[in-house]
């Protein structure tokens, strides 16, 4: 079966810095693939490349066979890739529900003229369908009791969940989660794991970046390891656990981090 | 003819450069377009005018005092109108800056009236000199000389003093500089002080050059200087100097070529073109926003 | 027939108050348009008055040269301004924040200089605009336009389109990642804002009967910005209130005339520091009205409607 997403020899440079270096990566339909690596390895940059926020300097990125290298982020969203951000990017001054409604943007069509005809039954139906979808996504992350709250007033864990709900409202085929468990306590992490599994069961493929090894090992089907922008290992969790290159990358960092 | 216009352009451009430096330094540090900067330049011109006509001071002393007045004004404006907004959106700070600008120009209008005022004739002896094919006035030499001197002074402060180092560090990376113990508030005040003093000098020089000082001279000059700062690459000090001079020369040449009624549009056309083609300006660095 | 009644009605009103009334109407139109661009979409425009001048001169020239029916003229003026909005917006809306603001200002100044140099606008002398042939009196036209613009703005804010605009204001990268074509939406917002400014300009030109490019400079743009900021960026009732207050204040406070711009300047600083959301930002008019009438506000947002429906079924 054709992989859902492939990256072939993808590189990106910022000035002199090669943030992602000749990366080959495959995300298979239906799996949970974890992308790990020390801080600054280029994981978030990979997400930014896939979602079109950065353009690769070299290489090709394909989604369902189509090259998406030079597509804008909104075009990529329309093709079914959505994401959360490592540093939270919510619509802070808007209510929770509206955040998710905006996530459902690609599921509607009415533009400016549609807005002027907002009182027409067709348009009301569309709005209702979007609201239904948003409500469903909020229920999944258990935020349906906070719909009227402004996003900025949520707790940190709730904000992370809201980002997931908003990303789900895009109705993605591929969901990218950038450090979703950061700052969560063990109980929240466990709930998050269950949530991600639930999302996988609903047929969405997941690429997740996470630092918590227990979380990664317990959740992912496969793991890819990045160091200095290059892939140094890829495989099943148990393979990665015992891979010397990976241990080296983490330990090496740990030692140098002390001085 | 060309050389003549070139010299005229460089003289005018030096004053743009003096104002542009303030924009560029402030923007480099707090990413604010200090919209009131043009008004500071205007106040500088008025301060010198009052000192020269009322207190009969020499123009050089008046210029120095005008620089001090504006230095204080710049620091006060930052303290009152921008500092409380440092955590707000950049839109808020920009709107506040527009408010300050409107306030100052109307205040001066109320005090001095709408007519342009001139310096006394004997404020600076004007002598014409021939250099090759071009005629240069002592006034132009004064402008170019004083501007060059001030810019050299600025270069020295920025590169060879402790506070200058702190300025550069803050403009590189605000948060890190703050964490490393740089007194960011002091650096910001200092930056406003420096920029405002330079603008005041520019205002005085322009006031003598055109023999006209008026309440609304700040808006256009400020915008043009901002265009110069953008042209040179906002945040870059040499860029602001280069941008100012280039803009002055282009404007003077444009007028000489018969586009005098479009004079004010030239700067904006350059500004808009630069923003569109190379938003980072001639000497600016390319930055991509991190996500 | 109806026109005649309205004519008589308008003639009854004292000319001075009629003038203020019309000025308020035009100010509301201008403020609502800028509110969409700056308040809702978050793109600071310092050249709103330039689009007003496009509308004013288009309208004036159409009346002078063609004697076009006024309604058609009004629409043409709006469209012309919108067209300019698109032409200008397309290149500059890629710029962010303050660069955009400066670029709008730059374009506005360039436009002013061009208008000051064209024969058809009578250069720096300006144009005298004859009274247009209208079936209903001009003041009524102004207020009909106000109502239409108001209705359009309310519909926009409650739509998928308006949501996308707000998303752009809040976080452009996130909006784009959620599938919002931010460039397209910003241009549309810009064009709609320009369109309403064109309407306002056309009405202004015909009511004031004399226009000059210098009337539509930077300080006019700041005036309009003030109304929007005072009322509360993004708030429709706020824009209406801001426009009304700032148009009438100098009339009531005669002494203010001289100090007007000074007070406005200080007001901007003060508002940004102490009340960044303006007078009505974050205030729900609906809730206030319900409270005054002593009734409980019912569900309004779609998510509430759905929750009640589901609970019932």
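When the chains are written out, they are named A, B and C in that same order, and each has its own residue count from 1.
One rule holds in what follows: a contact is a pair of C-beta atoms (placed from the backbone, for glycine too) under 8 Å apart; a residue touches a chain by one contact, two chains touch by 3 or more.
Quantities reported herein were computed from a predicted structural model and do not represent experimental measurements.
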Chain hops separating chain C from chain A, counting only touching neighbours: 1
Maximum centroid distance from chain A, chain identifier (CA atoms): B
Most central chain, Cα average position: C
Whole-Å gap separating chain A and chain C, where each centre is the average of the chain's CA atoms: 39
Euclidean distance of C-alpha centroids - chain B vs chain C, Å: 33
Centroid distance [mean C-alpha coordinates] between chain B and chain A, Å: 46
Chain C, residues touching no fewer than two other chains: 173
Multi-chain contact sites of chain B, meaning residues that touch two or more partners: 291
Sequence positions of chain A contacting 2 or more other chains: 53, 85, 89
In the complex, chain C residues that touch chain A: 152, 155-156, 158-164, 166-167, 170-171, 173-182, 188, 192, 301-303, 305-307
Contact footprint of chain C on chain A as seen in their complex: 51, 53, 72-74, 77-78, 82-83, 85, 89-95, 97-98, 101-103, 105-106, 108, 110-112, 114-119, 123, 126-128, 130-132, 134-135, 147-148, 166, 169-170
Of chain C, residues touching chain B in the complex: 38, 42, 44, 46, 91-92, 95, 97-99, 101-103, 105-107, 109-110, 113-114, 116-117, 173, 218-219, 222, 225, 229, 233, 258-262, 264-270, 272-273, 276
Chain C contact footprint on chain B (complex, rising order): 31-33, 80-81, 84-85, 88, 90-96, 98-107, 110, 219, 223, 226-227, 230, 261-262, 264-265, 268-269, 271-272, 275-276, 279, 289, 291
